[in-house]
Amino acid sequence: MSEQNLFDDVATQSVEERLAAEALIVDVEGYEGPLDLLLTLSRTQKVDLRRISVLELARQYLTFVDRAKELRIELAADYLVMAAWLAFLKSRLLLPPDPEEEGPSGEELAAHLAFQLERLQAMRDAAARLMGRDQRGRDFFARGKGEDVERIRSVTYSASLLDLMQGYARIRTKDDFRPFVMDRDSVYTMEEALERMRSLIGFTGSWTDMLSYLPDGWHTDPVRRRSATAATFAASLQLVKEGKLEIRQSESFSAIQLRSLDEEN
Amino acid sequence: MDDHGLDQTAEQPEGGPLERDSLFEAPPMVEQERMVEAVLFASSEPVTLRDLAGRMPHGCNPGEAVEHLRKRYEGRGVRVVRVGDAWAVRTAPDLGFLMQKEIVETRKLSRAAIETLAIIAYHQPVTRAEIEEIRGVSVSRGTIDQLLEMEWIRLGRRRMTPGRPVTFVVTPSFLDHFGLESARDLPGLKELRAAGLLENRPPPGALPIGHGEDGEHEIGEQPELFEE
Amino acid sequence: MDDHGLDQTAEQPEGGPLERDSLFEAPPMVEQERMVEAVLFASSEPVTLRDLAGRMPHGCNPGEAVEHLRKRYEGRGVRVVRVGDAWAVRTAPDLGFLMQKEIVETRKLSRAAIETLAIIAYHQPVTRAEIEEIRGVSVSRGTIDQLLEMEWIRLGRRRMTPGRPVTFVVTPSFLDHFGLESARDLPGLKELRAAGLLENRPPPGALPIGHGEDGEHEIGEQPELFEE
């Protein structure tokens, strides 16, 4: 479905634009993230950034990402996140606003993206102007040699802020590197979990939430709960491996469910 | 022009010598100007008015003396320039070509470092998260470190927002390096402000831009050391 | 010599080293004087006429320019002086008293002192026993004394615990030296790491930095920095 769209997009591009896109793809390493790439793409529109067509820009970006995929160029995750977001933005911009929908409108999102691009461009220009200024040690100079007329000798000690922060970091890191002593009170071992599970799974015919296997008293305190969950999960995997248990999770972060795999089933 | 002789001492006519009605009268302005000239020439780093006042005899007005001196050197081979709240003598930029021998090769800054520096200068005080939001990528390790080491940026006040993140501001050496009197004199600052480009606009809803993938952001969320 | 009316000032006077009529007219004498002024100022060593001629555009007469410059500085706060066969800018001798800025020898603070100072800055008010606990080694008397003498730390309130130990806090001159507005602006561990200031990453298996459920808190519980 979106493929059809994509073909349309590609078809409407001029040869020149396609060549430009090709060059961009080859050069993908040279970009500092999606915003940088978007800014480069926006230049092909040759208009003031305030009047840029974000819809057009979204199309260009999505084409870029698809072409990169075609060419089997690995894109970093944030490029793909941006692609997903722009696809969403594109659909918002194309469809009439749904009064039921919550959240910002397509136009608001597009305006903010345009603002971000303009601001980034402005900062780049400012950086260039700054570096273009006369600089000390290159264009203008300080006194070559300070004068020492009378030496009243005294010693001062200096330290920079970096020294200070690094010093502190050093101590505190050292602290974190101290031999690690297990706090046994809050650790539930896998052996314990395995023992407990073995005695319980016989009773589990239907899918049951793994968390219900946590021992009493390990549910509330987050530290203890974390340890017990990890141990129970590891024990479950062990039992799956042994062919005693089935395990499933319907989607990311949803509950992990267990079922015994008895000979009878 | 002034016939009853006792016109206010405070208003020193340029270079006019003082009538000495006190044992500790400040030296005449020409003399003060000479002193300032000597001190500024001798020091390679900018000297504050306070430091000048501390070195000059009691009752001097270094601010006024500097102003005279500045005028005197207009159009000359060296100039008296202001750097923050301090003053320095620097060669005229159009004569840089004579100074091949003195040029110090500075470490070349990466594009990321230059942009980060510009963002700090124009948006200061600014947090790391804000820099990332503007650049759309996370600030790499070492970039801030490098700028701190060059003493072009320093820590500002913590932002009074959740997590109380640290902020960064530019330093007097930054001003000195780029020949700026103050951060207000950054090129194009007014126009950028007028165009609203220095505002920190929150994104409507959540935008994916500027959110470094990994842990970098914790900064914003993490309870801080000095949290009460 | 040059008849088509380009009335350029610099008629090469006698002693002009370069008699060959060149394609380029030498800059006007005032301009040459500016050049000499800038070079003498910026150079770390006295500069010979020959060196000046080598740096200045073709056809210049540095000897004459130096002479003009020397006259111009007569009676000023600095003078153009001859050093052997070279020239330099020097402070007028009668103003030497302004230059008594003590020539200070700067030494790096010892590692023990930096660490002790860092702990006081991050944990203030803090007792000596606490410093020792955090550093894991005892703090020598000399270290604390040195920091006290430098006026980077001072005594805070006594701790209301048995033995009523004295505490240490950092001073305004500490803040001044490190360019901080308050000790609260020091970055926390996570921020230090994000800025690439933690030199080493924890070995695999160690606790993640900054989650120390211990140490961090005590800071939060301490009352005010700079109490009273």
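A, B and C label the chains in the order they appear, each numbered from 1.
By our rule, contacts are C-beta pairs under 8 Å (C-beta built on N, C-alpha and C of every residue); 3 or more make two chains touch, one makes a residue touch a chain.
Here the structure is a predicted model, which means the values were calculated and not measured.
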item	value
From chain A, the most remote chain by mean C-alpha position	C
Per-chain CA centroid nearest to the all-protein CA mean	B
Separation of mean Cα positions, chain C and chain B [Å, integer]	14
Where chain A and chain C are represented by their mean Cα positions, the distance between them in whole Å	40
Centre distance in Å when chain A and chain B are each reduced to the mean of their C-alpha atoms	36
Shared interface positions of chain B, touching two or more other chains	41-42, 89, 91-92, 99, 102, 145, 148, 154-155
Multi-partner residues of chain A (each touching 2 or more other chains)	141-145, 147, 149, 161-162
Chain A residues touching chain C - in the complex, by the definition given at the top	141-145, 147-177, 180
Residue numbers on chain C that touch chain A, as the complex places them	38, 41-45, 90-91, 96, 99-100, 102-109, 111, 113-115, 117-119, 121-122, 134-136, 146, 150, 178-180, 186-187, 189, 192-193, 197-200, 202-203, 205-209, 212, 215
Contact set on chain C toward chain B in their complex	33-39, 41-44, 55-56, 76-78, 89, 91-92, 95, 98-99, 101, 122, 179-182, 184-191, 194-197, 210, 216, 219-220
Residues of chain A defined as touching chain B within the complex	32-36, 77-78, 81-82, 84-85, 103-104, 108-109, 112-113, 115-116, 118-120, 122-127, 129-131, 133-147, 149, 161-162
Touch list for chain B against partner chain C, complex	33-39, 41-42, 55-56, 75-78, 89, 91-92, 95, 98-102, 128, 141-142, 144-145, 148, 154-158, 165-167, 171, 216, 218-219, 222, 224-228
